[in-house]
């Protein structure tokens, strides 16, 4: 079969299309013929070698979908013909995060391969109304947004959520927050992207290039109280403003680090406002399954920016690096 | 001022329109000129003397809305001109329920009076888009539904909720569950009422006269798993079927006792399914305020069955007793 | 190997010691040489055929401990020489209960056998300071008490807990509640057993034969408020008094049904007091592991009533049926 | 009466003993004759003008105890003769923190006065077994520790807690964590203080001057997993090591800022470890009351370093500033 792999070094130049023997499932495993995959910002960190303790050679990408074409003798959860996605962290099925994570396309081979073998417990069925490309976008970005808003937080109708940007996690967060009846405020540097956000149900939008003090604007939009939750994508440079923009007792979900790896946290504000700063790293299989029920019930559709053929996967990484996309970048096998 | 009161005995015949001196607010109180009120099943229990330890004379009704026309010298939360409702339990502002409740129109005088004096902490502002009659329906039935689904439970998009009937609490529960993105199944004995439920967003409806084994139907509609939550209105006769219809680890919110005061609970099912049977008794001021934000954001409208003038309040109790209404019965002052 | 099994019918007379082929572990399994086992009330239900949908032939007993003497090729959590117990529900590792349980000695063969094969995920290491007999007592009764008090409830120092009786779950509940700094009230019909409870840290004890209105006594001991939590062992006949004895907003953990399978629940009390009646059915592997850390840190010792040799296992069931024991009945291999 | 006040400027030199008219309680207020008070690090921030938006003149100190000698006509929660303490945040009685706090000795006059008038809802009864000086130590430091460990966290027996230092909050945290059956690790620069911590039940102690990489030591003491919770007192300089020392999914309770007002938070660690950084600012009246029940049940005694007479209150601030104390600094009236 054909796979993309980082053989013995990292960097996009080192990512190459190569041949490997077709895999066969062990007694508790399923063999999946991949039909689509999707990229995350994290995948570019992996390809460029910024992921800690990654093994080489490595097949990148955590997100994809395919058909099960064979199953091991002990497999009972899944059957041949099922359409499934792999769970991002193969160790995290339920409950609290495990001591050690085992993420696809990071700690172990990922899904940028024609065939993938996974433990029967490490896959989930995906909603039927989605195309393969759409279904492929869920394992990392969507589960991250779901975990933040629905597992760590308990969003209620009328809650207010601030979503930074319009990347993958952000648009999923907007969609899930709307589904839960929350009021969503979206920030972006692009009016065009803000128009999209508004068309997807954002109650308020802020162009942060025109309004660099967006935290003040958020306070103004919430009677001076601040929002209940922030989906914090910017990281380093945006955390201080998020601390201003969140209400007393509110939660900032640390999801990204687009503007910097280190955040300066002003402790007196954290104390007096009793803020919770919560690191989020995708989520469990159980969260993935709950999310799928919600997506299914609401016939929700992920936003796809562009689809590349399998043969142009390296192009897709270059496109991701440009950062001009809105929604997900996919690969069709 | 004119008030309805049970002077020295109970029973609808004993409820009479009478005169009392106009009340004046103490230093921490507000004086409210009532404009509308609403009835609950509980009010008929009160009027008929089935409410424990009620003082006499007693002005009935917990639910109403009015304008603040005077405030005491220490009042800062509320100002003259505000439109407010009283909190059902004047002792329960926030957090866990207090040791002792103090409910309007039960443990103390209620709102079926032209003027009402309440502690400034015991009132909330009501959503602006609602008429007085609509706003009057919120304090008991709506807060009960909110407490069950949003405080005791943490409904998520895609959760499944079984709502029994189409009375006050039931329709609010349907509306809130929909707002939160849940999938709602409604039972009723009337196809007409089920049509209403469907038009309000119920995903599935069951006529329990045609399908007396509605618990089996609920299992069928949920892949055999059962629902996440039940709004249990029937009480005595319906709890056993609700135990069948709820999923493992699910919750039955005990809200009503329309079919009987005592429920036979089969313990082995409770154990093996790890069911939670949760008694609900309205909710706190804080829940009321959160609910109002949700109602406001969604511009939600309560369902009103009929409005009686103040002078026909006794008629309104008779109409309530017939049980043919759908949604709330109101009184206009 | 020798096993006890119910071959083609139930009843203690049908439980017989027989020979089976020595089992061998599959690739993900471990082979355990059992050294001790323990009995629960539930095991007599199983043996007498009162357990729903049990397969025959069946090896009874969920609780035991042994040494791992062989492991399959994929096993990484466990190694040869480890001392382990099986998890009661082999399907419940973490998080919420699974759709379908798979309990040892009920839904599948249990541990009253010289050798047992289990999935590597279905066993836990047991605290080192315990003897084999002591360790054997944990999987069902101790995890049940832990789940009730530490997972469903969140006991705090100063919380009050009412524990009914001095059977297996009850004494574990007393020990865990004490560990968590709670104040424990124990009921029993025997002064001798109450003396034991007091020596184990019960703050108050009530002999319910001398004080049949023990619910009133509990109210007296809690300034009229009632306790935060009840460990409900009696079931049918005791639930109504537990409803009286628990505080507003408190929780009754349904654990047993010693006095009857059906409880009459008075709904108005459930409503006004906002009581939670929570069915408990043992717990997950993750709860078992957390509990073991607590037992280890506190060097806690289970209370053992009597130990029977493997050859007298049938006697041990008779002794259990008499109901005169305090603490656990064990079997030594 | 005599009070200490900052009249029109801040700084310890501006704190002076002066006379004010004896206060009288309003209809909902109680008049308390103070008998003891206690200092917190926060009080030195107030006196030195580092507390935001503080009004002048201001009587400092949040913590104290006294006897009620008169009550207003509406007062029912409290009676003359009761021994009470003021709640730190007079606005926070229950549930989530209010939009705006109103802290004693910061946002309003505090308790360094012979007589204090407070709202009846703003005081709590204190445990009987405590001396006045001991009882005076509870409102700020003890409630802070309780909120962190028992409200934000849900400490269980066997949980591991890292407590930084041996100041007021730290020793209370050690005591409460022990009460809840947790395993506590304490850090300090002084072997003498660590001996005290050990004598109070710390399972492990680390001298961070001898072991500057105390985070590594904490990992070593927890099988490489890290602790469940950290009581973070140091702030700026210690947060990065706390991030290393806490387990995946664990919680760092931001309580102090002894070593710096700004913490550099490394986002990748926050993400991958899914850490919660939780700002804590004392707690509600309800937490105070729950804590008092626990202190009462366990007959717990606060650690007092030194008691100054009322006339030497300024000396007590100087002593606090030296930072050599262990436990609380009190003032006797």
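Chains: A, B, C and D, in written order; residue numbering restarts at 1 for each.
Everything that follows uses one rule, which is that a contact is a pair of C-beta atoms (placed from the backbone, for glycine too) under 8 Å apart; a residue touches a chain by one contact, two chains touch by 3 or more.
Not measured: the values here are computed from a predicted model.
The minimal number of chain-to-chain contact steps leading from chain B to chain C is 1.
Considering every other chain in turn, the ones in contact with both chain A and chain B prove to be C, D. Note on chain placement: the centre of chain B and the centre of chain D lie 41 Å apart, centres being C-alpha means. For chain A, the set of residues that touch two or more other chains comprises 96. Across the complex, chain A is touched by residues 26-28, 74, 93-96, 284, 286 of chain C. Residue ranges of chain B in contact with chain C, taken from their complex: 52, 96-99, 101, 225, 235-236, 239, 247-249, 254-255, 257, 260-281. Residues 150, 154, 156-158, 176, 179-181, 183, 203, 290-291, 293-298 of chain B are the ones touching chain A in the complex.
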